[in-house]
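Please read the structure below before turning to the comments.
Naming follows writing order (A, B, C, D, E and F), and every chain is counted from residue 1.
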Amino acid sequence: MIYVTRRVTFSASHRLFNPRLSDKENEELFDKCANRNGHGHNYIMEVTVVGEPQEHTGYVVDLKTLKEILRQEIVDKVDHRHLNEDVDFLKGIIPTAENIAKVFWRILQPKIPDGKLFSIRLHETENNVVEYRGE
Amino acid sequence: MIYVTRRVTFSASHRLFNPRLSDKENEELFDKCANRNGHGHNYIMEVTVVGEPQEHTGYVVDLKTLKEILRQEIVDKVDHRHLNEDVDFLKGIIPTAENIAKVFWRILQPKIPDGKLFSIRLHETENNVVEYRGE
Amino acid sequence: MIYVTRRVTFSASHRLFNPRLSDKENEELFDKCANRNGHGHNYIMEVTVVGEPQEHTGYVVDLKTLKEILRQEIVDKVDHRHLNEDVDFLKGIIPTAENIAKVFWRILQPKIPDGKLFSIRLHETENNVVEYRGE
Amino acid sequence: MIYVTRRVTFSASHRLFNPRLSDKENEELFDKCANRNGHGHNYIMEVTVVGEPQEHTGYVVDLKTLKEILRQEIVDKVDHRHLNEDVDFLKGIIPTAENIAKVFWRILQPKIPDGKLFSIRLHETENNVVEYRGE
Amino acid sequence: MIYVTRRVTFSASHRLFNPRLSDKENEELFDKCANRNGHGHNYIMEVTVVGEPQEHTGYVVDLKTLKEILRQEIVDKVDHRHLNEDVDFLKGIIPTAENIAKVFWRILQPKIPDGKLFSIRLHETENNVVEYRGE
Amino acid sequence: MIYVTRRVTFSASHRLFNPRLSDKENEELFDKCANRNGHGHNYIMEVTVVGEPQEHTGYVVDLKTLKEILRQEIVDKVDHRHLNEDVDFLKGIIPTAENIAKVFWRILQPKIPDGKLFSIRLHETENNVVEYRGE
């Protein structure tokens, strides 16, 4: 069993805001992350797939294929977008790194061509990272 | 003469858009950076001050003081903000890294307490950086 | 279950030295790390908390709160200090990264406000890292 | 139980190529990685050992000793070499990061002086990493 | 005047070898870099263009255009190649970072679409970097 | 003319303290950096040499030789030491990064075997860097 990780990046804006709460409550919960016009990040996503290397290639999964899937399914849809406004699969979700990682898992898990999805790590800043392992 | 650099970070959103041009022209010029709802970055700013170390401290400039100035004059005003909408000193400016760096210079240059401002580097992503030296 | 990690840094000095051994034995065990006047590092600490994101916030734990706890409980007490001399909770302990991580765990584990502590990683240099998971 | 990680680097060239397949099949499988004259990487290897810190040292394993073992057993044999041509223990293996990590494990696992080997991570580029845990 | 830098990466192998010298002399001069079968690196190239931001865009140079030029002129020709064997414009040159940077300058200098080329930095490893400014 | 940079690291402790001032004045000037028992850093030093690549090697300066000089003249003398107490050539100097860089220049400038010394950059933390160019 080998864990294979591919790193990709995207730049997006978002706003942390719970529409069922008042503006004042949102500000108390989310502080400057609740700023009405949003703010943004250079996100780093690390996708880890686990499996046995195949004998004729020595690959668990072809990283060119995985990279292309990450591009089509995720990066093309979130890069240079506003995560609350522009991304269908994030509608109705407070776009914390935690929630985004869980949605990305749900999208990517059935698309992994070889091996199986083990983990999605999402870096929001150089100091804040979340990881979801489907548990 | 010693060049002393302090690095600070902030997370903001922006939209590249020239209001004197049509939507179509903006899209041609700025591509996905013109996305109506904006996108965002973790900016890294490196501010370099040049001068002689003072004899009684060995400092060109006290970095605690410089850090506090950067916080008050820049970071508190741009961090977790939309650069086109929320920042007075960026109003009417296309917020490319180039233009932002020039505005930051104009603000910081008279505030440097010792030595003098030599350079402002602004990293927009891990692949794109600009530097302004007041020339 | 999401793993949320906050990264903080501090700069400290230490000396690896076992007072129950002779100077010669200390030098053999710890080599240049036993230098009488100590040496120092820019430590990086990564604290990982695991839990379910809360529905009304999308957070496992509010990172502003966690950051404040890390500052009060750890960083304010070790930053710009000599770990053998100046830190009450490290008295009588050989301050290897291993031992420091275990002490930090004991201090932080009861203070985590939401979720529970999963791991403490401590980078002593860019080449040396330890991790403690309370096992 | 503490996980202790040592990071080392080496620069090597390789070619991904399965001698039991035709040139055309190799090109389809490995694309530009099959380039006849090879290509290369700055590999980063992170070796993690797990164990209890020893009471008289506070170390799980002396990192100076571990570093020396990594140098003798691995780095001296692969650094500035062609992994397909110059390295005895990689003969007959397609040198993907997955396969290299497994071979490194087999070599290092019996040599760890204290604690036991937990993981080998091998970074091929800043975007591609594999990890093997002996499973 | 703003200095705008774009960072790109490529992975290649090379051999440091002067064909006018004996094998023994080559080994003395280039040590393990003279290894007959070559070795390799993940190169990082930083290309800096200097100029005035254009009024209607706020750009010195459109980084999408610059990135495409770097891809066509350099990256597509050196990535996953053997620099001594596979690259026409490096034929007959000892492929040290110094010499490669000078050749890249000669190729890129006439292709910069706006502003003018100021510097090419080439990182061979995390510890070794060269910079050429056309002087 | 090519600028060639070699990066080395060392871990040391220091105390910022001017013996001609009172304890109270030192604390006001240097704050927590004046801590009596010192603190420490993982310093990163980048040494840049400028010159023409030599025709028979393509090197401005052999980096193996430069690395060995940096080790002998600097790293062996400051690594795992207390900069105020243990280092002859820093005696009587307030060991700010600025002052250290100037002393390193004075030591290294006459030892550069080919090309000439252009710059010494010294990173004290990931946020604080100084550079000296002999001006």
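Basically, a residue touches a chain if its C-beta (ideal position, glycine included) is under 8 Å from a C-beta of that chain, and two chains touch if they have at least 3 such contacts.
In this text the structure is predicted, and so the values were computed from the model without any measurement.
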Least step count from chain E to chain F, where 1 means the two chains touch: 1
Other chains in touch with both chain B and chain F: E
Most distant chain from chain D, judged by the mean position of its C-alpha atoms: B
Rotational angle, Cα trace of chain D fitted to chain E, multiple of 5°: 180
Recurring contact interface, reference E-F, options D-E, B-F or A-B [over half identical by residue number]: B-F
Intercentroid distance (Cα basis), chain C paired with chain A, Å: 29
Geometric centre distance via CA averages, chain E-chain C, whole Å: 41
Numbers and ranges of chain E residues touching at least 2 other chains: 126
Which pairs of chains touch, using the document's own definition: A-B, A-C, A-D, B-E, B-F, C-D, C-F, D-E, E-F
Residues of chain B that touch chain F when the two form their complex: 1-8, 53, 56-60, 62-64
Contacting residues of chain B [partner chain A, same complex]: 9, 11-14, 32-33, 35, 37-42, 79-82, 85-86, 125-126
Chain A residues touching chain C - in the complex, by the definition given at the top: 16, 18, 20-21, 29-31, 93-99, 101-102, 126-133, 135
